[in-house]
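In what follows, chain A forms one complex with chain B and a second complex with chain C.
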Partner chain A sequence: MSVSHPAIEIDHLSCAFRRSEALHDVTLSIPTGCVFGLVGLNGAGKTTLIRHLIGGLRPRTGRVRVLGEDPTQTPESVMQHVGYVAEEDVLPRWMRVGELIDFMRALYRNWDDQLCDKLLEQFSLDRSTKLADMSKGGRARAGLLVALAHRPQLLILDEPSYGLDPIARQDILEAVVRTASDEGRTVLFSSHLLDEVSRVCDTVGVIGGGRLLEVIATEQLPERYCEVVGELSIDDLAQRELPGFFGWQNRGREWSVAVDRRAYPDEATLRREIGGELVHEVRPLSLERWFSARVNDRELATIPRTPAVEELSA
Partner chain B sequence: MNATYALTKYAWTRYRIFLLLLFSALLVSAIFTPLLWISRAPMWLARMTASVGYLALLSGLFGSLALFGFSRKSSLLDPTSGYDPWLLRQPIVNWKLAIIPAGLITAWISMLWAIVLLIVQMFGGQDIPPFALVIVPQSLGMSACAIAMCSLVWMPFRAAWLRIALLIVAIPMLYFVGLGAMIVFASIPEWMPWAAFGIVACYIASIAIAYSSVKLARVAAFQQTDSQQTGSQQSKFTTAAACDRAVAATSRSFPGCVDALDWYDSKRSRATKLRQVLMISPVIAILIFLVPFSSVTAIITLMFVTIIVGWTVSARFEPTVWGARSSLPSYLIASPLPTRTIAWVRLRAYLREYPAAIGVMTLLWMTCFIWPSNRVAASQWWTQLAADSASSLTPLRIVVAIYLAILVTMLGLTLRQGCVLLRGRQSLVLWTIGVVCMASIVTLISCLSWFMQQGDWEHVRRSLDDWLQWSYQLFYLAIVAKLLFDASVVWLASKNMFSWRELASGITGWCVAVVLAAVAWYALWPLGGVRFVTVLMATSLAIPLSVWFAGPLAVRANRHHQVT
Partner chain C sequence: MLLHITTDGPPIYQQIVEQIRYRIVSGQLGVGDELPTIRGLAESSRVNPNTVARAYRELENEGLVEKRRTVGTFVAASEAKLTAAERRRLIAPHIDRVLVQAKQLGVPLDDLLAQMTQRNAKLHDAPIPTPAKESK
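On to the complex of A and B.
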């Protein structure tokens, strides 16, 4: 498998289930060695996108390449190098942990027995325990173990820590970090728990309503965006259509807005444009605030703009 | 909204699709049967329409357990209670949780039974006086049986086998008690008061059992939660010691991915198979009791049992189909297993069930020969056959030929059914199973109803010969249809997955299998008048070809869903 390709290439991918559009013209390229966080609300299209990556859905419009190959055309070759942890609790419950390991070991050429034993110990898993008798966190650890033990070039985690206790979440994050620390390995991590994403991911993409709204490196976020907090009446706000402003939020008369710094050469210009005396604070934009701003902006863009909506957005 | 209304609505909401289908079938049958009768349409068509309604009624009667049993249990092997755990957590008192399903079952059975008796009275010319006096006790009797069955499912047990054992004992017992009560009401008027008293007593007892089952289920549900928590705490301390033992005990090394998948597929379906065997064993037990009555009932029993066993093997309900996006779990979708390996290993797993199925059938056939009358009838039958065919036809050759025919037919049926299951589309699987079941049951009932009316064996034979001559047209039509279908599948496979070389080797293998089976069949049982070409064509019809290419295509479509 060539490493000259990006780990994941998605080109103008669209997908609709009956009448609802799950993905709309998504284009994304994730380079090898990247830890990519895919964030979005429930039903935003994260799982649909991931199902395309593992070959579970065949693209009708657009193109998907994983490690340089089409996962629906050559799954046996692509999936040898992909580790996948599903959102659902899907492992066969009638199996014991040992049986699951033995079964998966037979499928992967690069299975690493030493790593497997190490992970068994780390995750406190017992080979003789039936998966049906384990807790949800235990099954998630077992799923993670079999996804990691063949040392995949690409690890795809679809909301792996959803509904798990903090210890299990910690195990998963450590696994992501360890995989990423190996040279040339890529991780795609889908979640709506932003603290996790901010801790482990070097690039984040936000998806909303089936559209990839933005992709940004986490270290670039404070340089690129800032948050302005100030005081303004609703009527004044409705009249302001300033470039680079998005994601308005307010509590009473105090409001906050995310601002793209590229539209303003410096902070003084920015304050002047808004009306300097009204601005309380200009601070770096956090990942949470950036996410909510992008998602809210997208939600409002789909609703016809009426005075009531203006008020809502304010 | 009170609890009674809520639970009734719950039953309706959960099963409305089945109820609507049932009512639609009844309505269609009720409207079209008299119309067909009046319009001088072919009699078989009118009878068929009436049979559809009657079958819908019977299935509604038998299905009352599932419809109003409030059970969410997928396996009877689970020792915990089968009552819907979500309902057990609701603030509804125990007696309502027991009485409301019981009341619904009683109302449902009474309604359907009244319709059945009305139909019998109106069209069958049977007079059933006094009507209400018959319906009420009989409905109560049947409801008591149904409620008792539900109670066994709701009751939590310490060991799963106890529930199964009780069900196996209870189903034939309840069947005979119910049958006895109906016969008493229909034919022995002087016993009627005692029978009525017994039925009412049984009904009250079944409600009491249902109440205690629900009560125990509720208690067990909460106790179980506590004990599970305690167990999980304790298990942390014993993990290290258990781990060392387990590594030695459970670690295995598969030579390759095919072996691993093979092991997975056979073990995965073990619970399903066991459940199916447990489900059909009471039915077979009931049928076996009918065997000694006469040689005709023996033949009917054998036909029923063979079909039930065959259907059980072929109509497999894959647990992952229901409610899932795909019948393949994501760890298989995302595995590096080749698609055709998944398909062929799964098809091979279906074929592995043949020895067990054939063994069960052999056992059942041999059971029939315990009774001397059946032995005599069988001896006369093959003597006659040997005389007709003017050849040295021994019983062994007849049996081997019949077994070969059954094997070939079941092979085809199972693999085709397996192929549909591999596609994993829920609606397709449901429709296929529904159509196949309906077609089989209607054909079977039509044949049996005709067969039971015949008194002259010679006439039966002549009719069979006539039918065979006529069916040749259909036979050739089926051959042409099969060739066309196979050609289209091969063409599709060549476009998508297989090289022409692979296709050619597959077709050659199929041709060899067909010729060998046909030669064996013809050599075993050279019936007078039947040519080798006919046997060859029948064999080619029964042995599937397209499955070997359609199976991987189905898995591919299942694995990589195409959306709009």
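On to the complex of A and C.
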């Protein structure tokens, strides 16, 4: 397979369930070799986006390509190269670990028995254990094992750590890093655990209300944005529509705002614009702060447009 | 190598640089010792391999380690290749941190300087045991 195309290509994808819009005009390209973190609140559209990638949903509007192919047209050939772990604990519980492995082994041409044995040992899994008798963490490891043992070019994990104990989460992160260390393999994982995302992802995209709000390289984040913390009555601040500002937050008289550094030639100018003596600190923007700034701004922006009351009475 | 990485502190690559630098300066890692592979360290620390690569580049730039093509990364023999100005630039943020803390605790500057001299003497009188480098 040629590597000339990105691992994932999404063009103007929109999707609606009944009346509610789950994805709105999402365009995203994930290059081969990338470890991409998709972050967003619950219900933001992460899973809907991922289901389009694995051929589970056909785009009504827009276009999706995975490893250069359309996952709804040629799911068999695309999925041969994709490892996928679903958000929920969906493995058939009546199966034993060994049966699950044999089943998956029959599906994948590139199944690697040696790697499978290695993973069994590493995850302390026993072929004879019934999935129903395992802990949630154990089943998550079994799911990860069958997603990895065919050495996929693209690994897609939907909320892999959700509800798992710290040790199981470590195993999952290690698997992500190991996959990422291999030349030419791509990882997409969705999470709302920003700690994990900032550790292992080189690129992160935030999704809110079905819109892809921003995509940025994690390394660039602190260079591109800063957080300004200061003190002033919030009413005064409301009148300051300064360029590059987003995600206001306040606790009492102290406020914090995310700022796009590109709007100001230097920090001194920025401080002057706000009103120098009011600023306590200018610090690099953390992933967490960036996330809440982007998500909150979006919510504020949509309140006037879609009144919740109307939805309820309709 | 077991590093302790947090995500609410300084950038991750910087934490790696600092922890390895500490191990070298304190003698836990000796001249010629091999550093873990980028891949190995990324896995055990559960961080992106590019981040580890960046930390290694930084350590190489500081002259603390040297990359030998296809073999690996090793603790460098020569004294730091940094200029005096570069060294000052690197240590400035650490000094600032101590100064802020001292001010907050009400430790006057001369007291702080005296303590530093004292602790420095202590550090070098009873050094952390290092693998003895035999000169044959």
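Here is the rule we go by: the second predicted complex is superposed on the first by the 304 of 314 C-alpha atoms of A that agree within 3 Å, B and C clash if a C-alpha of one lies under 4 Å from a C-alpha of the other, contacts with A are read in each partner's own complex, and residues count from 1 in each chain.
Quick note on the criterion: a contact is a pair of C-beta atoms (placed from the backbone, for glycine too) under 8 Å apart; a residue touches a chain by one contact, two chains touch by 3 or more.
Not measured: the values here are computed from a predicted model.
Aligning the two structures on chain A places chain B and chain C side by side, free of any clash.
With chain A as the corner point and C-alpha centres for all three chains, the angle toward chain B and chain C works out to 140 degrees, nearest 10. In the superposition on chain A, no contact is made by A:His24 with either chain B or chain C. The larger set of touched chain A residues comes from B, when the choice is between chain B and chain C. Looking at the shared chain after the overlay, A:Lys118 reaches neither chain B nor chain C.
Applying the stated contact rule after C-alpha superposition, one finds that A:Val35 touches chain C and leaves chain B untouched. Here's the short version: in the overlay, chain B gets within 24 Å of chain C at its closest Cα pair. Comparing the two interfaces of chain A, the one with chain B and the one with chain C have no residue in common. Residue ranges on chain A touching chain C, taken from their complex, read 35, 170, 173-174, 177-178, 180-181, 194-195, 198-202, 218-219, 222, 286-288.
Listed in rising order, the residues of chain A touching chain B in the complex are 15-18, 22, 54-58, 60, 72, 75-80, 82, 84, 86, 88, 90-92, 94, 96, 98-99, 102-108, 124, 126-129, 135, 143, 146. Interface of chain C with chain A (complex): residues 5, 7-8, 11-12, 38-39, 42-43, 46-51, 54. Residues of chain B that touch chain A in their complex: 232, 235-236, 239, 242-243, 245-247, 249-257, 259-260, 263-264, 267-268, 271, 325-326, 329-331, 333-339, 559-564.
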